[in-house]
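Each of the next two complexes has chain A plus one more chain, namely chain B in the first and chain C in the second.
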Partner chain A sequence: MGEDRFFGSSLTILRRFLFRILAVGPIPNHIAFIMDGNRRYAKKQNLEQGAGHKAGFPALMSMLKYCYELGVKFITVYAFSIDNFKRRPEEVQYVMDLMQEKIEGLLKEESIVNQYGVRVYFVGNLKLLNEPVRVAAEKAMLATANNTNTVLLICMAYTSSDEIVHSIQNSCQEKWDQMQASKVNGACNGDICKQEKERCAIKLVDLEKHMYMGVAPDPDILIRSSGEMRLSNFLLWQSANCLLYSPSALWPEIGLRHLVWAVLNFQRNHSYLEKKKKQL
Partner chain B sequence: PRGANVRVLAVVLLIVVGGAVGLRHASELQRVCRFNNGFGRGDTESLSLGCSGENCVISLGQSCNLGLFLLWHILHFIVTFWYFALRIANALESCLISSGLLKKYKALCSGKIQCLAIVMDSKDADQTSKVIELLQWLGALGVKYVCLYDTEGVLKKSKEAITGSGRFSHAKSSEEAAKTDPLLDQEIITVEFASFSDGKAAVVKAANLLFVKYYLGGEQEEPILSESHVAEALEAIGCGGPDPDLLLVYGPGRCHLGFPAWRIRYTEIV
Partner chain C sequence: MHSLRFPYFPLPKITNVPVKSRPSSPFSVVPKLHKLNLSSANPHAAAEDHCTQVKSWELVDREEKGDHQVAEELAAAGLRAELMPKHVAVIMDGNRRWALERGLSVEDGHRGGGRVMKQIVEICLKLGVKVLTFFAFSTENWIRPAVSGLLFFVFAALPFNFSISHLCLSIGRLIYGPCMQEEVAFLMSLFEEVINSDLEDFKRLGVRMSVIGNKSELPMSLQGLIRLAEESTKANSKLQLVGAMNYSGRYDITQACKSIAKKVKDGLLPLQEIDEALFQQELETKCIEFPQPDLLIRTSGELRVSNFMLWQMAYTELVFVEKLYPDFGEADFIAAVSSFQKRGRRRGGNKY
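For the complex of A and B:
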């Protein structure tokens, strides 16, 4: 027991030292994770259906810990896609129950949220979730609203195409309300003159303001476990200048070495990506 | 003597390789070092000034920083060496594939790829002859529809040069692509050119179109927009090409550089 603790604490010291070395170069501000491979892991380890998702949770916690120790301020995780609702109802229900349990666990004293002062956002079309999960999510968002150190964005019932549609809808609604308000004030005449039409046009900043992910800057690295090379409708709008990394490890098997490799590649390509960002 | 010769050869090879990797590493990291946090050039200058001044004592903090700096460089040197070795291995594999020795590459079922997209850096896009060569290779593999993308639109400017040089037809809109003569279909590759303005800016235009159509259209109830509305609007603008099955990124990092977001939902990005 004593030996394990000594081993554990010496690993922590080594890890912190490694992070100090990495910190000589640029550290990403925002890392996004697609937690893929839980079901394949369950099959590989001959676990029961759904146990793969449960095994993925400690991997998530340790990745969050490493990222926050490294100095990454924003972390986004793809917890549940709108496409995943098409899976078998028992599996969907299992995942929903697991998420509710874990969200409630986040609010406890000893959780990672309080250790690192994490502000939690639940990003996505929350109306599609069932009542208990939605309530737990809203409670978690309210409870952590005052934390300012780091930010965790959990994408639930999210797809990028839904986000874009939602943003367009909200921008249109906002413009409509603005137009109605200015009609009341008498600023617009019955015929909308050309200048007013231009002012009432939707611009890129309006769309970006209404995106679910508008609360965070664009990600610097997007890590998808299990080696798949697709984005699967995740952060398509925001990943224009983001490095994509697909380690072949399944999500429950992901570890520190993958994060370190991703950060080293980020540092190698940093000047190239900065140049690309400035061009836009 | 033969053993000694082999050893000398090995040492020389090691020095040459090490030198090449080191030079590559130094040039790459020269740019990165300008952006590092916490250890700017100012520190090294004060380090040397401190020595020439009255107190030649280098503080512990500065020597720690120097140690970390060196370790960071060593770490990146190892990474650069790894990529160098990987490039050599890939080059060898390419040689073997072209000479036809590797059997598994002989039968490539390219019929599976309906639409292929290519993302390249705008500087590389200037080399039109290389782009044409790439298109010819893709044609030989049997790909029928290629979307070429670069951020600045350099490829759009060399549209005529590229489509004129071979059996390529330019896809102006999806209707025109469907009209291609089926007899000639076997040999012609349809090429689409895209740039940054077909990405986010196109979605903004689509949003304005939807606003005008559904909100200013005079309907009383609040419209609810869905994905099909957005897809229709994008088609109407002319940015509604087919979704690529595969996206090839040519550049130092795997990054899609702003390719139209609506089309790469389930695309494999390599």
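For the complex of A and C:
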């Protein structure tokens, strides 16, 4: 027992030393994760169906801990896609129950949320979730609203295409309301009308404001476990210029070495990308 | 043609020195190549000398061979006809680095890339791919002049209405067009050269040419050629060759949003009817039969999509190849397609 604790402490010290070295270079501000491979892991380990998702939770907690220790401020995880509703009903229910349990666990005293001062957002079309999960999510968002150190965005009932369509709908609705208000408010002479028309035109900033992910900057790195190299309708808009990394490890197997590799590659390309961002 | 935008490490001029291959990344998953020999007289098969001009389009008509024979040859190369991607997209990265490594000019690098493009068109015709899209020129590829024209770009960056910003950007580019960096001007002339030299071949081969992107900002002569090429090949159906010029994924999504917003404002479209299918019809890719790429190939080892077809690539399989674009050949393309065919595509649903 004592030996285990000594070993654990030594690993922590080594890890923090490694992060100090990495921090000599630029650290990504936002890392996004696609947690792929839970079901394959369950099959590989001969676990019962659904148990792979449960096995993936400790891996998520570890990655959050490593990222926050490293100094990453924003982390986004793809927990449940709108496309995932197509899966077997029993699997969907299992995942919903697991998410509810884990969301409620986030609010406990000893959780990572309190340890690192994490503000939690649940991002997606939450109306598609069942009520207990939605209520738990809203409660967690409210409870962590005053945390300011780091941010965790959990994408649930999310796809990028739904996000973009939702954004255009909301932007149009907002501009429509502005137009109606300006018609009601005053007589329209030529110049004022023209100004109002310009104000009511949809701009890029309106679209980004109404996106579910509008609360965070674009990710610097997008990590998808299990070796699959595709975006699966995740952060399509936001990942336009971010580094993509797909280690072959299944999600429950993901570890510190994968994060370190991703950060080193980010650092290799960082100065060039920053120059390009300034040009834009 | 995207080496303008991606990291490269300038090398000293190298002559008569073997090119060192880049250290392989642990996560490039392209399998060993299988050479596909669909033609016994393929002039491009042994194109070791990258300065050799492509003299003609020698192509064995796929239909003449018969489906059975084609399927046999595909199987010999490790490919399955029923799993062939309908739409392949290519990010042609690495031309500049390739030229620098060999002590050639950047223009030679882009020309080398142009020859590879023609090879890939030929391969796709043989394999039965229906749509082939090349990311020829991004909205981010315009290099801003560093002199007084900067004023227009400063205004463009201020948070005015998007129309004013866009107008400032357009004026800046219009006035300083002649002063654009040489490489961009060369690329524009290379696009014209390719269309001029290959249009007749495309017509003969049944290739339909389309261009997506903000064409209004391209040089007038290029716009005219694009119109001619699109018009004269619109009845062709063997392969749709799409050039993404002055295009980006964000530009595409934004222009679709503005188009929809205008329709809503004009009362032509109720808000509740906006959905994903309608949105897709507003994108630049509405002219493409299969608008969503099944496979994206990016050369030069860079692991990003660089603002290319963001909406359309929601479920696209991404293959990143270490080779620089002018070194990318038929065997590499076959290997990328083979990698694609081995992947399990679930689209979030069941497989396990």
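Everything that follows uses one rule, which is that the second predicted complex is superposed on the first by the 267 of 280 C-alpha atoms of A that agree within 3 Å, B and C clash if a C-alpha of one lies under 4 Å from a C-alpha of the other, contacts with A are read in each partner's own complex, and residues count from 1 in each chain.
Note that a residue touches a chain if its C-beta (ideal position, glycine included) is under 8 Å from a C-beta of that chain, and two chains touch if they have at least 3 such contacts.
Quick caveat, the model's predicted, so the values are computed rather than measured.
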item	value
Joint occupancy of chain A by chain B and chain C, clash or fit	clash
Touching partner for A:Asn114 - first (chain B), second (chain C), both, neither	neither
Contacts of A:Val24 with chain B and chain C, given as first, second, both or neither	first
Partner chain in contact with A:Tyr272 - chain B first, chain C second, else both or neither	both
Chain B versus chain C as contact partner of A:Ser62, first or second or both or neither	neither
First, second, both or neither for A:Asn147, with chain B first and chain C second	neither
Chain B versus chain C as contact partner of A:Asn125, first or second or both or neither	neither
First (chain B), second (chain C), both or neither touched by A:Ser182	neither
Partner chain in contact with A:Leu264 - chain B first, chain C second, else both or neither	first
Colliding region between chain B and chain C, picked from 41-49, 113-121, 149-157 or 167-175 after the shared-chain fit	113-121
Chain A residues contacted in one complex by chain B, in the other by chain C	159-162, 164-165, 168-169, 171-173, 175-176, 201-204, 207, 229-233, 236-237, 239-245, 265, 268-269, 272-273, 276, 279-280
Residue ranges of chain B touching chain A (in the complex, touch as defined)	28, 31-39, 68-69, 71-72, 75-76, 79-80, 151-152, 196, 199-201, 203-204, 206-208, 210-211, 214-215, 222, 224-227, 229-230, 251-258, 261-262, 264-270
Chain C residues within the chain A interface of the complex	5-7, 26-27, 29, 140, 143-144, 159, 161-163, 248-250, 253-254, 257-258, 260-261, 264-265, 271, 274-276, 279, 302-307, 310-311, 313-320, 343, 347-350, 352
In the complex with chain B, residue positions of chain A that touch it	20-27, 159-162, 164-165, 168-169, 171-173, 175-176, 201-204, 207, 229-233, 236-237, 239-245, 264-265, 267-274, 276, 279-280
Touch list for chain A against partner chain C, complex	39-40, 43, 81-84, 86-88, 159-162, 164-165, 167-169, 171-173, 175-176, 179, 198-205, 207, 227-233, 236-237, 239-248, 261, 265, 268-269, 272-273, 276, 279-280
